[in-house]
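After this come two complexes, each holding subunit A, first together with subunit B and then together with subunit C.
Showing the complex of A and B:
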């Protein structure tokens, strides 16, 4: 493609082109337009719709905060760090891929070696002042450890209140109550993931 | 060695005959993959990736030598298939834990696996349990190891310790059916891989070497990593800041790997030190002694005002050491010129004097050799330095030369060093008498000097040591005797020739060299040296710190000048501290202190200190930019890895009337009459080229002038009876700065060999008193040091809590003392 292809704005048939209202040419036409608009009563169109809906009692509005909206799994809100279903251990291995891929450079983690000589993530933070909720971190995570939650109520005295490991990690009591759900949304494995994988031969 | 033309991938390149093809290719920016080859070390042929086609035959470019008219093809379909198969084999059972591995992101196994396009695995074999090992500062994860043997090679050929070797893995036998299904080289590599793993050569539980960590630098995968660094950061998060080794005068290129301290602390922190392992090794202090920064929270304005006031009123002397940059040295020199301060720096002064006397007979202001000339020579002599601890890099160059160039060497030192002795069987260690350095210099002149051109007085003096005696010895001579033998059956007589051995007296001339006895060596020394000298054609001589403050330093320097001129030796006189050479060239140093001294990293009446122990804090060398003058006679740049929030020397100089915005503004004004160039700091390169050229900063220009030949005869020296201590630091330490680093921090002690402890019936950890005639007394613990031998213990200078200075008042590194065990009640 060349530059001229981008400048070509011919759109295929099927579109209806709206040329817009003709601009008044003479003073008389302009006067006519003003009178027409003033006396048309468009103001009452909106008022009528409100009134009609009110007397129907068929209300679509959610009664927030008494009612809350169910978000789609693909919604990208404040992140969550998940635990392994089998053991309850943290899934995050500290590979640092989210830190690397983050385009607003807002993820940081501290890792060290523990007494069992495993790599542990001692602190994990997302700077939500910078985060653009693009979802790359969830997509790149090889362990499905970091996912986007559906929690959209982010009012607090400080943004940092959501961005530390303790805030994001599934609390143990929630986990024990089997309330941690596998994340089907952004970055999750596809249903046919097993078929797409080439298997490595094993000598056992 | 002549130049030859070889063709690589259709293009012609010049090469030295006998050079490795891989080296030629790399020099000309042609990529040939190789996992196991380390530049300047012997090829191991473990990985077989450097497979190329030479004149239609398969060959390995890491050990194929260039010949005239050779035609090398680096890539054919067949070779690519073979290389892919090799990488596939390496990936069998390699743990899929890149996510936690420290090497991920700079891993050669990752790189080559992707490069060769390995996207599926066809092979399998049962894995073996390979437990991880903690070897002090080095962590070995055997399951990640691909047994390329780089660590083994570099330890033997570069470092000279051979602390690692391959040991049996005890893995499953390779099923023979794989042989038909696998490419030839890949199968052979697999067969070998399956049998071995890396282990400790001595069979000990932990690494009993100097722990330089070079094996961790060369490891292409995450098998060998620094224990301290393990799992603390991913490679790609670290910012590499090129710098120069701040602890010793090799000033090797190193990179500080810097990242924010933690999620909550954005201040930069050094996580580790990295190096270009293919071009220059790093010693332990450079690798592990990186966090010696001086942390201050703000500018101390009152202390600063006090220094400025003192400089304008009381101060008449500035005392300092050589752990400073060239620019700081120039600032001090400018302060001297402006205010007439005395500049006192003991070690640089000694070195300056030594070079001055050296120049008077050598005809050049600097020595001719450098580390490269040492590693390229094939006969290396070291004297006047405990090379393993004074300048490990010089030791590595010496070992590299002896090992790789079929070389030999001599190591003269009063303290026997089993590590250096083990470099090679062609290295002769001579444990000589204390004070015999002058005689050794004469011996070197006698053995290697060109007697035709040497001044006649020197030749005559040397001849006076020789006595030629006639001696009668018995020699066995074989003689043929004809005998008539009568055959008993036939009765015929036959002539038979018999050989019998006869002892015959023979008179020979025996040349006895009195110098040999003078230095306290064995009588057959000359004979042994002659044997080592067989087929040697390039020579280098390393001289060091023992000589600078030797009672006969002046004459030894002059003799070294003669050695430089009249022998084939290329000389390397190791500066004792990081920038001793730079300071000795830039500053006009004085001998005596005045009434009120300003100390810079040295205790003065008012002390500026980068250790954080003085009256005003100064930035440490990893917080400063500037240049050092290395032992290679190069001005090399170093950069600031960490910020410093206080004042630096330039601020003080500005406050008293010098003008420069930054310290590095002084770089172009370093004295050109001493060989410095008017180059701006920001224009100085700091890297190695692909062919291994050290393109760092610039080389000092040497000056030549007419020289004198006057040297004095040997002054008699006597070895007093009794205990002797040597001033030296243990293998990881150079100064208080190295001791500040958290990985190296230790308490100083009197370091003594096992033999010493036995002779004195002491044990490791016992407390002794060290006293001298002048009344200095020190109560100190004894530490068993397995890396020395003999009866001379050494006292360190790195621990500021131990004041060893009173024992070495004259500066000479050997001191007579009385060592007594303290009875415990």
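Showing the complex of A and C:
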């Protein structure tokens, strides 16, 4: 591979290089250029294109407060804490991995041992002033308990809003109405996760 | 008694023209936003009223109720009167422009022209040139460098295009032998083939270009082009004083549309089954639409290019056109 090819290895074959129009050298050439440009009708091509778009009326506007854009499942907005489908109790086991991996250090959790000697999360908060929405917490969570939502309208009167456990946890009403959606995005199991599971090798 | 009647008639006509044209100028802003939006695959104003129709009223209320600010170092009286000059001249120019064929109302024959003077075309062009004092005084009194640049550009632009306007209409005037717009209109009676656009195509193109320059519309909107001179002469203006500039610009647009329609496109003569008044409305609407259309499609040119094209291309072409017309007439 020559140096030129190496430098242009991101350019697909068939790419046409345009050196630019040659500048006119004599007055006669300049005059020819002017006449050519004047009579070529390029201006009318421009007029036709905008008129065509007006007739087609293919409007791309989203009238925002009335219409909303559907976000991709991989969009990383305000976090959500999910519940177990079977029992409705919180998925979070208080392992603290999200707290550890968080690179902007914005997750805080408090755990205690309850009367059944199980570890439960008493407090869980994310400081959204610091959060950079990198998605590491959702990726590292072994229980798929903390995931990213698609809520992007985060204007509020209080800095602490959205970031407390009560804000993020699926409300019981929503859960009972069967409206807790499994998160298909960042860090979640793929659709064919079951097939990808292999038997534990016990032979050795 | 007779003089009183003429006075009353003229006053009524003047009030109607000012009211209708000011209303049309306001409505044109709405149309402009909508047309530009559709051409750029947007919707334009949609929220105020059905399809955003009341946006016009909202803008009006905003303009009227805004604080009237005069900058600290500005020359106050000149600063305050400049927009009035711009708007007034735009409306005064309409005094000699006929809009429709004459018609009978309650037994009176009404000529829809405020004053049929025999130098109407000269008068309209003269008053339109005086209109340049609006931007010039505004820019020089604002104590702002962008305003000053805008004013300077306004003057060089006017010096360039006025020559082209005058020379380009000279050829049609030589053929018609009159400066009255009614005579010019009557010269083109008899269908599309009698329109002056076929006899004077070059003059038509030159005059249309000069019209775009006169109204400061794209592609010749050098004097208030945001990317280069913020808002040009209007940088320091706000509220209704800025609104007057705006109304003046749109009134100018309508005047130029009427002028081109009368001069080159058959004026208010009826065509086939279409009455003259409707023909006039169609032509003026088309020209106003063309102003918006061109703004959506074409980039604007630099001031030096504008001067180049005016002095080195358009003016020689206009002179050649006059010469050819003269030889043909002889």
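Just so it is clear, the second predicted complex is superposed on the first by the 137 of 204 C-alpha atoms of A that agree within 3 Å, B and C clash if a C-alpha of one lies under 4 Å from a C-alpha of the other, contacts with A are read in each partner's own complex, and residues count from 1 in each chain.
The rule we apply is simple: a residue touches a chain if its C-beta (ideal position, glycine included) is under 8 Å from a C-beta of that chain, and two chains touch if they have at least 3 such contacts.
Just so it is clear, the structure is predicted and the values come from calculations on it, not from any experiment.
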Quick one: is A:158 in contact with subunit B, with subunit C, with both, or with neither? Answer first, second, both or neither. neither
Residues of subunit A touched, compared between subunit B and subunit C (which is higher): B
Looking at the overlay, does A:95 come into contact with subunit B only (first), subunit C only (second), both, or neither? first
What is the contact status of A:123 with respect to subunit B (first) and subunit C (second): first, second, both, or neither? first
In the superposed arrangement, which partner chain does A:26 touch: subunit B (first), subunit C (second), both, or neither? neither
Subunit B versus subunit C as contact partner of A:59, first or second or both or neither: second
According to the stated criteria, A:190 is in contact with first (subunit B), second (subunit C), both, or neither; which is it? neither
Touching partner for A:87 - first (subunit B), second (subunit C), both, neither: neither
Interface with subunit A, subunit B side, in the complex: residues 98-100, 104, 119-127, 132, 172, 230-234, 236-237, 260, 262-264
Note which residues of subunit C are touching subunit A in the complex, please. 35, 38-43, 46, 293-294, 296-298, 313
Using the touch definition from the top, list the residues of subunit A that touch subunit C in their complex. 34, 43, 46-47, 49-51, 53-54, 57-61, 63
Given the complex with subunit B, which residues does subunit A contribute to the contact? 93-97, 99-100, 108-113, 117-120, 123-125, 142-143, 198, 200-204
